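Two complexes, one shared chain (chain A), two partners (chain B, chain C).
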Partner chain A sequence: MRLGGGSVRIPYFPGCTLHSKARGFDASARAAAQALDIIMEELPEWTCCGATFSMSADSVMGLVAPTRILVSAKEAGKLLTLCSFCYNTLKRTNRVIATDAERRRKVLTFIEEDYQGTVQTVHLLELLRDEIGFDALAKRVTKPLQGLKVAPYYGCLLLRPAEELRFDDPERPTILENFLKSIGCEVVDFPHKTECCGSFVTVGSPETARECSSSILEAAVKQGAEMLVVSCPLCQYNLDRAQREAPAGQAHAPAVPVLYFSQLLAIALGCDEACLHLDGLSVDPRPRLSKWLGQKAEVTALA
Partner chain B sequence: MADEPAMVQFYLMGKPHRVPRGLTIQKAMEYAGFRLLRGCGCRGGFCGACGTVYRTPGDYRLKVGLACQTVVEDQMFLALIPFYPAVKSTYRVEDLPPTSDTLISLYPEILRCVGCNSCRKVCPQEIEVMRYIAAAQRGDIAKVANLSFDCLMCGLCASRCPAEIVQYNVAILARRLYACHVARPADHLAARVEEIERGACEADLDLMVAAGEAEWRRLYAAREIEPDE
Partner chain C sequence: MILSRLNTENDVVAQINAISGVDVRACYQCGKCTAGCPLTSAMDLMPNQILRLLQLGEYEQALKSATIWQCASCLTCAGRCPKDVDPARVMDALRTILVRQGVAHVEISKIPADLLAEAPQQALIGGFRKFVGY
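This part shows the complex of A and B:
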């Protein structure tokens, strides 16, 4: 895609969670992209990507669904996604299809398609960094979030395995920091930004996940963060839940809103607030954001 | 057709039978001497009781059809699958919200879908089964209802699913949720029900009851089956 001069269209894979629990992630990203003249065109048909990349070397079943999704973006050659799980699964699957002739043949014979692994899976943050550029993005911002102290939290799946994803430095990533600076935020650096939130351990051992998430929140708040931003619905869920579900006798994790990066982007670009879906968080971020939100949102926050 | 032999041979669960060309699988079985007690319902392609799987020589693909609709072919190798064990949740649809959580709590196995598309390949109605299971996972009740609308509940999708999903029971739940909570109530239906409750049909019914058997037979024989063009 080339930017500049009219809007560009890019095929978009939302993933299941962005159509159910994480609607604010989906809607705010679409609105923000549109403000930047990018039309995120949802694939006409799509299934779950499988959510986890199959590490099995001798079974290809886990590759079938993500490959079918990649094939449906073959013509455009690019596929935009937002969820860290989807990004990780699609990108790693594509690498297998592109580099492993035997597994490629097996999967493609099964799904009866022809595909050589040519689709590039693109995260919205990469699109902002590489296609638009953070300097250019800063110039498009209509409501710089000046004075808002935000801790960027990466989690695992955007960054690792680094040699496969090539997203950013897995130990000292900067993409979220640079993004936050471009929309006017004050970046809060903290040592836990690439620690694990507990991920899907939350299903079998919620207490373990709560401990992981609590230490992340504590570290961020200790450094002065007023908010955290994430790119993963499961990180968002674990970090938010740790703030309200503590076992009897134990303290709750520090209360701090956990937002999707696209929600702050949409605010900074002056998008319609209907896209934000800021309700339902353990800590309502709207009072702190009221300076940039319209009258209507302030009233809701007070109600 | 003239140079084709008048008889074909098909194999039912491995055993050969010779029958006249042009019969449906169902009629061919009856010609061969079977009396169908199960796996045979409406004989019109609607009830889904006669799901059949078959293969033909030189083709690895598993083919499917309804026995009452599919014409028997020479050297066809087939088996009827009139019943396939299914999980079926019981619920009061009025009490359920039309969400993904409802579908997932009643049929958690939908999350096991691996996207293999075997269900779609085996559907005699050519329904996009995998697509509607994907829609079910993300709570798009309207899409499940629309995509699955032509389902006859023959059960062949469930027979092929590696994730052990019973797709058609998920689909009928979604259609019930859609009808109960999502679709706009049909004004014309409410008006008609009110009309009937006011007694609009009583006179005609009384006439029929009084007419007697001879008149019923005459009316039945004279009924209009297909409206004239």
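This part shows the complex of A and C:
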């Protein structure tokens, strides 16, 4: 893939959340990719990947849905995804299919397909780093987000298990930092960037997830963050929600907007603001971003 | 407690080993899993204590503990375990044994309406798979 050589098409799996609760993630990524001459082609038919990878060694049914998704990208050999859950589930499932002959046979017999685990699941951040390059990306930026202090939050599923995902260093990752620098942001390092936000525990014990998320927010704000960027709708939800209501007797989490990295990318590349969907957050990021949001937003505000 | 092979080698622990693909006896109780776990404040037993109970055959205490429902499968412990024991897989195996018996941690009909309306689909699907078994 080279910039300037015409558009490149890549199959894209949005997953269960990106057409509904995380529309800003989907739309901003598509717009930003297009600005970089990459066409994200949504798979014609897809189902949910199952959200969590089945860690049980005897599990076969949990592999069916993600395998079917991988099979549908067989021809291209690559599958782009944005959500950390999807990335983790697809990549780990593919490893089972590629290396575990017994479970591969069972799954493929069940779905009546032939597949040897050849599809590479790619995250948009990897595509920016490995195919485009952050230096080349910096040259495409039309609105550098100079002076914006952003804390990169990785969460869990992009990084772990590191030996399977090979995404970045699980304890000291740098991909989001380098991405943020390439679009002009000031990177705020903080110790909780790979700590768990509480994930799906939010369904069974919301207070536990709030506690996890609050400590992440506090650490980021203490280091001077004006904003956090994430790559997972569930991280976004937990971190944002933790700022909404504090239970009686508990300190309120500090107010800091939580955005998808692709939203900042789309702004920096000068994409149409309709793709951003910045409304509906507990902490409105628009006042801090007003400098880079265009004329149209201001007119709307005045009207 | 009398330590005996009769206790430590039992079918349930064997089942946990089989489901998780982990041999709990490999744990040497260094405590790294507990030190790095971001969820311990909500746990009644620490991750290394769960491992220790299973080593001693005391699986009932492990299955009764709140800890197994607080684990978020974030895999921090798995990444740091010097013995490749992967406590997160063990937690998943304990939950799996219960949900396969029909014991659900979350009653879907009792999930608050605002959570259902606002939580991303992946949270509900992931939560149902981990806590209900669907």
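Convention: the second predicted complex is superposed on the first by the 293 of 303 C-alpha atoms of A that agree within 3 Å, B and C clash if a C-alpha of one lies under 4 Å from a C-alpha of the other, contacts with A are read in each partner's own complex, and residues count from 1 in each chain.
The rule is simple: a residue touches a chain if its C-beta (ideal position, glycine included) is under 8 Å from a C-beta of that chain, and two chains touch if they have at least 3 such contacts.
Just so you know, these numbers come straight off a predicted model, no measurement behind them.
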*Figure out whether A:Cys16 sits in contact with chain B (first) or chain C (second), or with both, or with neither.*
both
*Once the structures are superposed on A, label A:Pro233 by its partner contacts, choosing first (chain B), second (chain C), both or neither.*
second
*Which holds for A:Ala101: it touches chain B only (first), chain C only (second), both, or neither?*
neither
*asked:* On the A-aligned overlay, A:Thr47 touches which partner chain: chain B = first, chain C = second, or both, or neither?
replied: first
*Using the superposition on chain A described above, determine whether A:Ile111 touches chain B (first), chain C (second), both, or neither.*
first
*Between chain B and chain C, point out the one touching more chain A residues.*
C
*First, second, both or neither for A:Ile39, with chain B first and chain C second*: neither
*For A:Met61, decide between first (touching chain B), second (touching chain C), both and neither.*
first
*Common interface residues of chain A with chain B and chain C?*
16-17, 20, 48, 50, 62
*Any idea which chain A residues touch chain C in the complex?*
15-17, 20-22, 48, 50-52, 54-58, 62, 83, 85, 155-156, 160-162, 170-171, 194-196, 198-208, 211-212, 215, 233-234, 236-237, 241
*Partner chain A, residues of chain B touching it in the complex*: 99-100, 111, 113-117, 128, 130-131, 133-134, 137-140, 162
_Footprint of chain B on chain A - complex, ascending_ = 16-17, 19-20, 45-48, 50, 61-62, 64-65, 68, 110-111
_If we count contacts the way the header does, which residues on chain C are in touch with chain A in the complex?_
18-21, 38-39, 41-42, 69-76, 78-79, 88-89, 92-93, 96, 105-106, 111-112, 115, 118-131
